[in-house]
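A quick write-up on the structure given underneath.
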Amino acid sequence: MAELGAVVAEVRRQRPLVHCLTAAVTMNFVADALLAAGARPMMTETIDEAPTLVTVADALLVNLGTLSVDGAVGIPVTAEVAADRGTPWVLDPVAIGLAPVRTPLARELVRLGPGIIKGNASEVLALAGSGAGGSGPDATDPVTAAERAAALLAERHRSVVAVTGARDLVTDGHRSGTLDRGHPWLARVTGTGCALGGLMAACLAVAEPWPATLAALSWLTIAAEDAAERSRGPGTFKIALLDELAALEPEELDERVGLR
Amino acid sequence: MAELGAVVAEVRRQRPLVHCLTAAVTMNFVADALLAAGARPMMTETIDEAPTLVTVADALLVNLGTLSVDGAVGIPVTAEVAADRGTPWVLDPVAIGLAPVRTPLARELVRLGPGIIKGNASEVLALAGSGAGGSGPDATDPVTAAERAAALLAERHRSVVAVTGARDLVTDGHRSGTLDRGHPWLARVTGTGCALGGLMAACLAVAEPWPATLAALSWLTIAAEDAAERSRGPGTFKIALLDELAALEPEELDERVGLR
Amino acid sequence: MAELGAVVAEVRRQRPLVHCLTAAVTMNFVADALLAAGARPMMTETIDEAPTLVTVADALLVNLGTLSVDGAVGIPVTAEVAADRGTPWVLDPVAIGLAPVRTPLARELVRLGPGIIKGNASEVLALAGSGAGGSGPDATDPVTAAERAAALLAERHRSVVAVTGARDLVTDGHRSGTLDRGHPWLARVTGTGCALGGLMAACLAVAEPWPATLAALSWLTIAAEDAAERSRGPGTFKIALLDELAALEPEELDERVGLR
């Protein structure tokens, strides 16, 4: 089995426990996507419990969408525990730029060295300090505009950075790759970007950041193509996506993704 | 294209950013409904970020269902920012009456002049000060019982008031209309009423309150009829409803809705 | 109609209002499951409103998953109001064991005498004081290992205890029964366990704890079998489960469940 398919197979075999500190609006879909993929989600975010519970997790996702007051307090402490223990983690700095709490919080978190940083072009630019952010959760910059900022971030924090868009860009500061898969309906339902962050964390529990990032991106986008084929609109697509995350054959992944 | 269909077409063309301060239990469905309709949701509610983020929104939805402690603090400040900037907004005073925090909060909010007020008969009566509210989120009064209270509220606050039920009533205090569309399954899944509030906000970003209210009501109820036809029960209906919100042809809306 | 089917028919006839203090990640599915079943959900959890709103509820569900700061404060006060008024209630001590807030909270709550206690084997062992809990929300102990702890808990608190797993165990301390129905996909989507707690509360509003527990377990697991037959994966299964909760014929329930 080729490299990316092997990551998918490992997630299903090891069933990593993924602690998710993530947006309230999409937390249910993130959890369902992780379960469909074969991983196990855990979602508690308060400072009273999250720093304890993260000690049994195999990976951590930190997503700043709909950042709650509890989350803003619990997230940095929990991420620090994960970083100290060497638990791999993913940072998804949703909608930073204009937002007065999450923007400095994301800059503080990135210093703890996430294995993977994932964002749209506007978020990556804002995190690198060279952009003002997008329009709410949506990017206003093209992926190519964030290429240099992504490489800089990756090198500075020894992370893999994934810039998502119609074409996805992945870089570790030295090498980079692009991915042209997926379906426009991914942007017509909530939570697909957040679920991608969750999948990245699941993959990061069983693989190095570079293959983990590419495996998660490929898994979600190929599943999305299969889901779109048997859907009538964004509603049925969202549900079919869960089916396809579960159904995807690891053996076919590398061949179908056609990575460049 | 006739008036209501034109509103739908405008939402799809302008893709308004709709800031939603809404019930935790249904926020995901509200966001999915907005995306399916062609608008863009943003859901942050804390006082630390919502008053800033609302400044880039094209419309605001304030829904008091499952009112959180953070929400009770963040909502009035955010609504005030929207009102001051002239950002159009919708008030959905869910389950007011018995509830000790949201009832006075709704009465405070309505003074800020929402473009649209939407509630079931018991909520509208309670907001007008002439009823004790319903049973939890359900109305215990018929729509007709709220007719005078709705007209009074509309005139007092220069809003359009929509009283939802099996038959929906819309009034601006001077004229009124009723709508007899929809499907009983709309009451057998969560979030359809909240999603209607979201659609009203999206329509209000591109049209005056009167056509915006009627367009949103027609859009949701006609989509519900189409969704019910290809569903087996409330689960598949809820998902099909998203498909149909996306699929509805603006050209057909005015003709099919048969407004009286 | 036999005993369990009669409980289902009563839920549909009385449409009990079920107040749910439940995990953020699955609250939407719990609400949808209750609506599909014919009951009516209400989800407010803050201490400012929940103790007032619970006074109009027919039953209460307390689920400790993703316990928020607001929830940790509001839950004990609300449960006490319910207990004082004789409102029947269900305790679902999700993920207790390692978690520093919910573990003592669950032990405090159980003393208020829930009609039904529902948990996986690790949670029941931890609640009885004889286990360290599971791995996040998942059990690490087999159902049989919790048999004595369940009987002890049931007798001590005059509750019916349901230990859920591939085989479910129900005991009131004197008699016990097991149930071998359901489908593996129940564990591949979020919220089915939480929805079961909600159904138990709905059944408890219209029946004694023993038949209520068995009716809810049978209802969900038989519906799951029917849903799995027409699904392609965990996504479509979750949605079909709602359809089947609504479609299940009370007349068939006792016959099909084959209780031992």
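We call the chains A, B and C, going by the order they appear; numbering starts again at 1 in every chain.
The rule is simple: a residue touches a chain if its C-beta (ideal position, glycine included) is under 8 Å from a C-beta of that chain, and two chains touch if they have at least 3 such contacts.
Please read these numbers as outputs of a predicted model, since none were measured by experiment.
Taken as a graph of touching chains, this assembly is fully connected, with contact between every pair of chains.
Superposing subunit A on subunit C by their CA atoms means rotating through 120 degrees, a value rounded to the nearest 5. Each chain gets one centre point, the mean of its Cα atoms, and the points for subunit A and subunit B are 32 Å apart.
Residues of subunit B in contact with at least two other chains: 24, 28, 238-239. For subunit A in complex with subunit B, the residues that touch the partner chain are 23-26, 28-29, 65-69, 72, 95, 98-102, 135-138, 187-191, 231-236, 238-239.
By the touch rule above, subunit C contacts subunit B in their complex via residues 17, 19, 24, 27-28, 31-32, 35-36, 40-46, 48-49, 52-53, 56-57, 70, 238-244, 246-247.
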